[in-house]
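One chain, chain A, links the two complexes that follow: it is found with chain B in the first and with chain C in the second.
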Partner chain A sequence: MRAYLEFAKRSFQNNLVYRLDYIAGVLNAIVMIFVNISIWKAVNEDGDSIESIQLQILVTYIVLSFLMQLIYTMDEYIVENKVRSGTISMDLLKPINFRLYLFSMHLGTLAFRIIMQFIPAFIVSAYIFRILPVFSLQMFFYFLLSAIMGYLILYNLNYIVWMSTFWFYWSFSLVTIKDALIMVLSGALVPLWFMPTWLTDIIAFTPFGYIFSTPILIYLGMMPESDIFDNLTRQFVWIVILFLVGKGLWLMAKNKLVIQGG
Partner chain B sequence: MTLKRYSLLDLTKIFIQYSKLNLKSMLEYKLDRSLLAFAIFCREMVAVVVIILILSRFLHIRGWDLNEMLFLYSFLFLSYSLFVFLFSGIRDFDQMVYSGGLDRFLTRPIGIMFQIVASRVDYPATLGHGLVGVILFLKTSAAVGIEWTFQNVVYYIIALVSGSLIQAALFMFSACASFWAFKTENLRNLVFFNARRIAGYPITFYPAMIQKLLIFIVPFTFVNYFPTLFFLRKEESAMFWEGYIYLTPVVAIVLLAAVYQLWRFGMRNYSSTGNEAG
Partner chain C sequence: MALIEVRDLVKTYKVNVRNKGILGSLKSLLVPEYRYIQAVDSINFTIDRGETVGFIGPNGAGKSTTVKMLCGILTPTSGSVQIGGLSVAKERKKIAAKLGIVFGQRSQLWWDLPVIDTFELLKSIYRVPEQRYRQNLSRFSEMLGLEEFIRQPVRQLSLGQRMRAEIAASMLHDPEIIFFDEPTIGLDVIAKEKIREFLREVNREKGTTMLFTTHDMQDIEKTCERIIIIDHGQKIYDDSVEQMKRQYGRTRTLAVEFDTYYEQVYLPGAEFAGEKDNKKWFTFSKDEADVSSLIQWLSQRYKIVDVTVKEPEIEEVIREIYRGGVQTVESVS
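Entry: the complex of A and B
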């Protein structure tokens, strides 16, 4: 356990080195929030299509969504770099669990992003865009729980794509396609309630809606209390399913690697 | 390093030779490169899908309907596609300096700029962006009611070429910084791609300060917004000086002239970073 904490700390410190990158990340998020809010405000001025309280809800939704996207950003090419450079064989020789090692590195990055990116970006955007406070204290705890599970869903989904690197060598294309799918289908850019029903019916069968949309709806108090437990359970089920698929792929990948003989 | 010894015909021949080599190296990895082009297509389609989702719900925003919004966006994709087709070398110039690849060009008896431009073509990005642009153009150009008179066709082609030249000039500014060992890649991406994102929507959606920024500092409005106003003649045209809609080629030429001076100055001061690694 100690070793993994150490890995997380290392990855936290590694992130500190790339100062310009993390300032760029914060600025990017703020610009994106600004652009999206400008669009929704323009929609709002076009007659009475959205009432002002709805605009405030939308603004809060956009801010939360982009801040969550910011801190959920992961280094997608750790596995690829290890496979391509061959250092993965060294990692496998060490008496550590490779998957836990990978996860702890990402947790270190997550901690970095929360402290160094989320907090400043949140203060700035809360001040500029005047977001709504969380619906209630109880909802805040549900929100935290749901946001953590949202992260785990995204992590395990990403992990499946990372495993593809054992078969395809380059994973940039698959990562990019996956990101595009998530951007559209998770409601990260356009809230699911604005989407046509045929599309939301499809999304309901995928894990995408449970990454950003579920926690934000809970934060806004837009999910009836009776539905919350149900949604949290679904999030948990998706984590288990994606985890098992990822684990299966990892076992196959490891065998494949042995066949190659290093 | 005299360009004069080569006639235009020679240069064209060399250019074609370079393009052939590029195409060959791409076809070597057919599946991989096609997947890459498809991935870029998907990534760029996200913004388009967002517009479709919003507009299929609200029908119009500030007097802009779906087709008009997508027509506005199509300029960005088509001009960027043209830019990466012609000027990938300028886009990747920073790396060329850092890896020392530029030194190889310096030893050859032909213009440096010519080599930089001719030696690289990013086909996957050209195809990915181009495909989105072509689809949007075909879908919307008739629907927004443009008559393709001779005048309009000429304007359109000039606007598109100038648009890609403006983007090339913006990239060249950041490329010049690498002569003095400033790494501006992150800063450039931040400025360039965020400006491009903002320009995806009519600039009247934004506060006056942002509008000025996109007209005078990072002039993306001349890539897509003002050319679109030329064709659509929206009411909001009255908010801007009417000359703007004819200014796109002028902006391109002025920017290129300015950046070319900086470039020549940088080239004279260039000292290599050392050996090419890998």
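Entry: the complex of A and C
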């Protein structure tokens, strides 16, 4: 376990090296939030169907969604780069679990993003956009739990895409498709309550809605307490399913692996 | 029991055949054609604890493929590799703990971090006890002269420094077996010699088994006792370096410097091999002629200034083996 903690620490340190990237990330998130809120305000002034929903809830939703996206960003090409350059052999030649190694690197980055990006960006946007506080203390804990599981769903989903590198050597298009699906179906861009029922019915059978929408709804107190346990369970089930698929792919990939270069 | 056992090892690569031109590549996209390449074709050998073995073979002979399968990062198509009785394909993590790897062209050091940070990380990866780690570190620092650059980031090191750090990194956990893939590539003569000397000493001191793949025959000659030659995916030679020289290195070269230039010098039992100014070279087989009678024959007829006899370089011996298509020699082990 010591080794994995060390990996996480190294990954945290590595992020510190790229200071400009860090500031740009925070600014980018705030600008995106600003743009999106402006769009929703414009739509609202036209007196469209969203009149019934309080603008403040929407603003809070947007802020939370973008800040979560900011910290949930992962290095999509980490495996691809290792496979294509052949440096994956160096990782496989160590007595470590490759999947845990990968995960601890991401946890290090996540910790960095929460401390250095999420917290300052949250304070700034809470002040500028006057977001709603969490619905209740109880909901705050449910939100935390749900947000952690949302991260794990996204991680395991990404992991499956990363594993495709072993077959295609080039995962750009798959990553793009996956990103588009998440953007639309997870409620990251547009809250799911604006979607037509037939679409939300479909989304309910996919893992996407459980990444961003579920934790944010809990934060806003928009999910009935009776539904919360059910949703948390579904999140957990998705984690297990995606994890097992990823593990299966990894076992197949190992046999498939061709180390590039002499 | 042997430390490393390789049985009927086979690796077949499936290679996508691409056709020429735009139409051709379109055709390849729609109807992929594959060709199978037998990179390693049924190789057998065993290696005992403490042996130093050189794997050599021309480019594309299958030696890297073999080594990758030996250390468990490539799954064989068929056959098995066992290290200390464990199957390499199944027990990657357990095997990895016993191995040390040095790739001349690939680094295991963290590029942005000081060398010492990588060492610390390796310490926790391999769970090296603190005391053992201190001992090894100070020993290697002394032998390889790491002190001067151990706190510098790896990207600032010269190639020679990096290789020394690389080698120390691969040995911190006292591996039972170390693989060296071109360990001295791109290094100057002094650095090469320093590294070879270090490896010999570690082998003597700790009884570490060492396997080399290299194109530098000096590496083999100076550090290996045994040599395995692979060509076209098959083992074509496997014996001690000494034995190889005895068996194949029968040709000697006689260099003679005469007092003046002679048009033609006839030497029975030897073949004329070249000339420059007053010097002439002759090759002869050790079995068919002996040096003293050759020199005697020459000195009776010509005035000789200088004579030297050269034993064959290991390169020449190996060239002879590559060319000769030697019959597979089964190792007796």
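Quick note on the criterion: the second predicted complex is superposed on the first by the 251 of 262 C-alpha atoms of A that agree within 3 Å, B and C clash if a C-alpha of one lies under 4 Å from a C-alpha of the other, contacts with A are read in each partner's own complex, and residues count from 1 in each chain.
Everything below uses one rule, namely that a residue touches a chain if its C-beta (ideal position, glycine included) is under 8 Å from a C-beta of that chain, and two chains touch if they have at least 3 such contacts.
Nothing here was measured: the structure is a model prediction, and the numbers come from that model.
In the superposition on chain A, contact is made by A:T176 with chain B only, not with chain C.
Between chain B and chain C, B contacts the larger number of chain A residues.
Touch criterion not met for A:R130: it reaches neither chain B nor chain C. In the overlay built on the shared chain, the residue A:R99 is in contact with neither chain B nor chain C. Contacts of A:L20 after superposition: chain B is touched, whereas chain C is not reached. Residue contacts after overlaying the shared chain place A:V35 against chain B, while chain C stays out of touching range. In the three-chain superposition model, chain A touches chain B and chain C at no common residue. The touching residues of chain A, when paired with chain B in their complex, are 20-21, 24, 27-28, 31-32, 35, 38-39, 41-43, 45-46, 49, 170, 172-174, 176-177, 179-181, 183-184, 189-190, 194-196.
Those residues of chain A that touch chain C in the shared complex are 2-3, 6-7, 10, 14, 17, 86-87, 89-90, 92-97, 254-255, 257-259, 261-262. Residues of chain B that touch chain A in their complex: 32, 35-36, 38-40, 42-43, 45-46, 49-50, 53-54, 56-58, 60-63, 186-187, 189-190, 194, 197-198, 201, 205-207.
Within the complex formed with chain A, the residues of chain C that make contact are 13, 64, 68, 71-75, 92-94, 96-97, 99, 101, 103, 105-108, 110, 112-113, 120-121, 124-127, 181.
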